[in-house]
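You will see chain A twice below: alongside chain B first, and alongside chain C after that.
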Partner chain A sequence: MSTAALIVTLGSVVLAALLALMMIPVLVWLERRIAGLIQDRVGPNRTNIMGFRLGGVIQSFADVIKLVFKEEYYPGHIQTGRALYILAPAITFSAALLAFMTIPFADTLHVSGEALRIQALPVDYGILWYLAIGALGIIGVLFGGWLSHNKYALLGTQRAGSMGLSYELPLGLAVVSMLLTYNTIDFNAMVAWQTQTVLGFLPAWGVVVQPLAFILFSVALFAETNRAPFNVVEGESEIVSGHMTEFSAMKFALYFMGEYIAMNSAAAVIITMFFGGYQLPYLSSAELIESFGTFSLALMVITPLIIYAFIRWMRRNNDVRSTLSHDGGRRFEARVLTIVLLIKLVVLELIFAYFAFAQPSALQTQIAVAVVQIAVFIVKLMLFNIFFIVVRWTLPRFRFDQVQRLGWYYLLPLGLLNIFITAIVIVGVGS
Partner chain B sequence: MSESIIFYVLALFLIGGASGMITARRTIFSAASFMLAMIALAGMFALLNQSFLFLAQLLVAVGAIITLSMLVIVSVNISERYIPKEPHLGRDLLLGVVIAAPIVALIITALRTHFAASFAPIPDTFGTLASIGATLFASWVLPFELISLLLLAALIGAVVISRKGERS
Partner chain C sequence: MKIRVVQRHGTALKDRLYLPAIWQGLKITATHLLKNVGDIKSVDVLEYPEEQPSDITNRYRGLHRLTHREDGSVRCVACYMCATACPAGCIFIEAAERTDGVDEKMPSRFAIDTLECVFCGYCVEACPCDAIRMDTGIFSLIGSRREDFVLEKEQLLAHKGAFDE
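Take a look at the complex of A and B:
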């Protein structure tokens, strides 16, 4: 294994772990802030470290610290199977984390004849891995709920099991129709396929080519990840907290974080299969490498505008009413962040200037393109996570029988229909 | 070296899970042990570089079969007193091991001495998803479709049997 391969592998693993784990506090914060926005209130914005609030993200860290230091409490009525009871949340958590590991973050690097995938697990069966590992999460729910010896937990467990099974089918059927379209199970090859254009001007993203499969896939994933409107498993107004009722402290936190990682992985799979993954629309990796000088020149112009707008927005919002004498360090935070952002802007401008005016080597350009693609991937990921959150706070929860009817009576036949249509179109195009 | 260490660890989990499944008194521990054995088996396939078998094992055995059996356990709620008493379980198992041991030894010796030379090394494409798909849908398409029909018949049969009471 060469040094380059080692660096790329380590880098991808660290990136994947960071993207999965560091996304949790951000997502929890986003969820609460967006819920506040939709319900016309502010959301968490008070917790701070020396005045630093970062818009409220610090609240998530405070929550984690609270959960870590909470007393480990075992319900007295759980006599046997305590080891399995503790293990159950860990199964759900690790299944969700592992399912994220085959997502490609940037196009394959070519370093001295070696093709290096920017994937934590550089395998070519990405979607199958996601389906296989993602389905394991339900087992932790089943074990935990059954061992809780609690009526509400049992109801939640039954709902989780039967819903997981019913929505696995439309999910699989949507994947099959996408496999027919892309003719591959490799995430990288799927993204490469999506750099084409259809009708001459639209990017051939999965959502353009297969809109029905996109709807089926996302609805099934909403159900698989227990997100509203399908969160009947833990429907608070009906069955307390479902399978999590008897869990407390870090055991509960593992279930909770597992849910957010699963949502994050689902968003990553959706953008990889339906929204061009790490690619910018109309710009394939080869084109981007070829004209990276022009591209960085464009970035040189755009970046200051974005950072200026962001600073303006931050300074306007990170303030208190003028009648209050003490602002709790908000202006101080805004000042420090402004300086940090300006330094960041200067560094970015220097880097862009290097790529625009100096003569970077081919390897440098490749790495720069990979970094740009990782940034594009993260932006798309955040947008889709926000979509998940907005849907949760917009739609009311389904009744459980409605969930099952939707899965079996509508999604399943639609999935079969979509496969038929796809097959006919592919045979028609091929002949 | 590291391969054989992984193999022995997986084998330990496999045997431990399998024996745990038949000796556990509570159904939930049987299910957990079964899951352990199935994951260890998937690990064995991964160790042999058979990505398709590995994924199919996880997808079917762990993802579907364990989930379904857990769902049955959760729904049926079998109390321990309804499970038949097996006072001589340990003795019976030991007896079974003693009886099976010579046959297993015979199979291992035969594989090692007589057949080992006649095994051809497998090609690189063996067991990949593409080669399995090509084999199934090109050379064996009729048996494949017949098996699908059989499964469909079984499915419909299950539905008919389970709905019998409602008709009257």
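Take a look at the complex of A and C:
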């Protein structure tokens, strides 16, 4: 194993772990802020460290500290299966975390004859891994709910089981039609396929080629991640908290975080399979490497505009009403953040200028392209996470028999129909 | 018997597809989201506690107070009407003989346990002397021990009415 391979592997693992774990506080914060803003409230915006509130994201870290230091309460009525009861949240959490690990964050690097995948788990059967490991999460839910010896938890477990029956088939069928289209089970190859164009001008993203499969897949993933409108397993208003009722402190937090990681993984899989993954539309990796000088020249122009717009937005909104004299250090925070952003802008401009005007080596260009692709991936990931959140605060909950009906009467036949049409088209095009 | 046939909605293809309705809903929530992200000050909320509510009307039942006579002495005559009317049983009165010649009786102790109180206002209704009122406009009471929430006569006498008569 060469040094380059070691560095790339370590880097990808660290990146995947960061993207999965550091995303949780951000997602929890986003969830609460977006819920507030949708309902014309403000959401958490008070917690701060020396006046720095970063729009309220500090609240999530305070929540984590609180959960970690909370009393580890163990319900006395649970006599059997204690070990499994404690293990259950960990199963859900690790299943969600592992499912994220085969997502490619950038195109394969070619260093001195070696092809280095920027995947935490550099395998070429990514979608199978996701389906297999992602579906394991429900086992933690079943164990936890059953061993809680609690009626609400049992009801939640029963619902979780029925949900599993409802959505796994349409999910699989949607994936099958995509496999027929891409003719591969490798996420990287799928992304590469999506750099083509259809009808001459549209990027051949999965959502353009297979809109029906996209709808089926995202509906099934909403169900798999227990997100509204399919969060029947928790059903706060009906069965307290479902399988999590008897869990407290960090055990509860593992379930809670597992949910957000699952949502994050689902968003990552959706953008990898249907929205071109880490690729920019119309720009394949080869084209990007070839004309990276021009590209960084374009970035040199665009970045100041974006940062200027962001600073203006921040200075206008990081402020309480003018009728109040006391603003809790918000103006100071805005000033410091402005300076930080300007320094960042200068650094970025210098880097872009290097790639635009100096003669970077082929390896440097490759790494720069990978970084750009990682950035594109993260932006797409955030957008899709926000979509998940907005949907949650838009739709009411399905009843669990309605989910079953939806899965078996509508999604399943549609999935079969979609496979049928896809197969016919592929045979027609192929012959 | 008259039978009215109610027309069921939601059977049209458009409703059964469900997706157009989702799209409509997303449009509404996204509009609110984008408007508020663009201008957080358009969100009509109170920056409590820096901003205090200004819309408390004189009918608002806030913390209790004991009123005074013209000469500044306590108006209460310790008749126990309020304590009798109280559904929560949170008013504790100990009567004493009044020696200053203004009246015959007065409370030596008049305490309200605000943790028990349900702020129904029956004590105010029951009082024959207009001695207890809930017009202070105070809506928050803070303490670190349970005992802090039992308001004694001196505290109740010290509360000021927030509104004109």
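Keep this in mind: the second predicted complex is superposed on the first by the 431 of 431 C-alpha atoms of A that agree within 3 Å, B and C clash if a C-alpha of one lies under 4 Å from a C-alpha of the other, contacts with A are read in each partner's own complex, and residues count from 1 in each chain.
Methods note: contacts are C-beta pairs under 8 Å (C-beta built on N, C-alpha and C of every residue); 3 or more make two chains touch, one makes a residue touch a chain.
All figures in this text were calculated on a predicted structure; none of them were measured in a lab.
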**Message:** In the superposed model built on chain A, check whether chain B and chain C fit or clash.
**Reply:** fit
**Message:** Is A:355 touching anything from chain B or chain C once the two structures are fitted on A? First, second, both or neither.
**Reply:** neither
**Asked** Taking the superposition as given, does A:129 touch the first partner, chain B, the second, chain C, both, or neither?
**Response** first
**Message:** Using C-alpha centres only, what angle sits at chain A with arms pointing to chain B and chain C? Round to the nearest 10 degrees.
**Reply:** 110
**Prompt:** More residues of chain A in touch with chain C or with chain B?
**Reply:** B
**Prompt:** For A:162, is the partner it touches chain B (first), chain C (second), both, or none of the two (neither)?
**Reply:** first
**Asked** Which holds for A:215: it touches chain B only (first), chain C only (second), both, or neither?
**Response** second
**Message:** Contacts for A:40 in the overlay, against chain B (first) and chain C (second): which applies, first, second, both or neither?
**Reply:** second
**Prompt:** Is A:84 contacted by the first partner chain B, the second partner chain C, both or neither?
**Reply:** first
**Request:** Would you sort A:390 into first (chain B), second (chain C), both or neither based on which partner it touches?
**Result:** second
**Fill in**
For chain B relative to chain C post-fit, closest CA-CA distance rounded to the angstrom comes to 27
**chain B/chain C common contact set on chain A** = none
**Complete:** Interface with chain C, chain A side, in the complex: residues 34, 37-42, 215, 313, 316-317, 319-321, 323-324, 326, 390-391, 393-395
**Prompt:** Where on chain C does chain A make contact in their complex?
**Reply:** 19, 22, 25-26, 28-30, 32-33, 36-41, 43-45, 47, 50-51
**Complete:** Residue positions on chain A within touch of chain B in the complex are 80-81, 84, 123, 125, 128-129, 131-133, 135-136, 138-139, 142-143, 145-147, 154, 157-158, 161-162, 164-165, 168, 185
**Item:** chain A contact footprint on chain B (complex, rising order)
**Value:** 26, 28-29, 32, 35, 51-52, 55, 58-59, 62-64, 66-68, 70-71, 73-75, 129
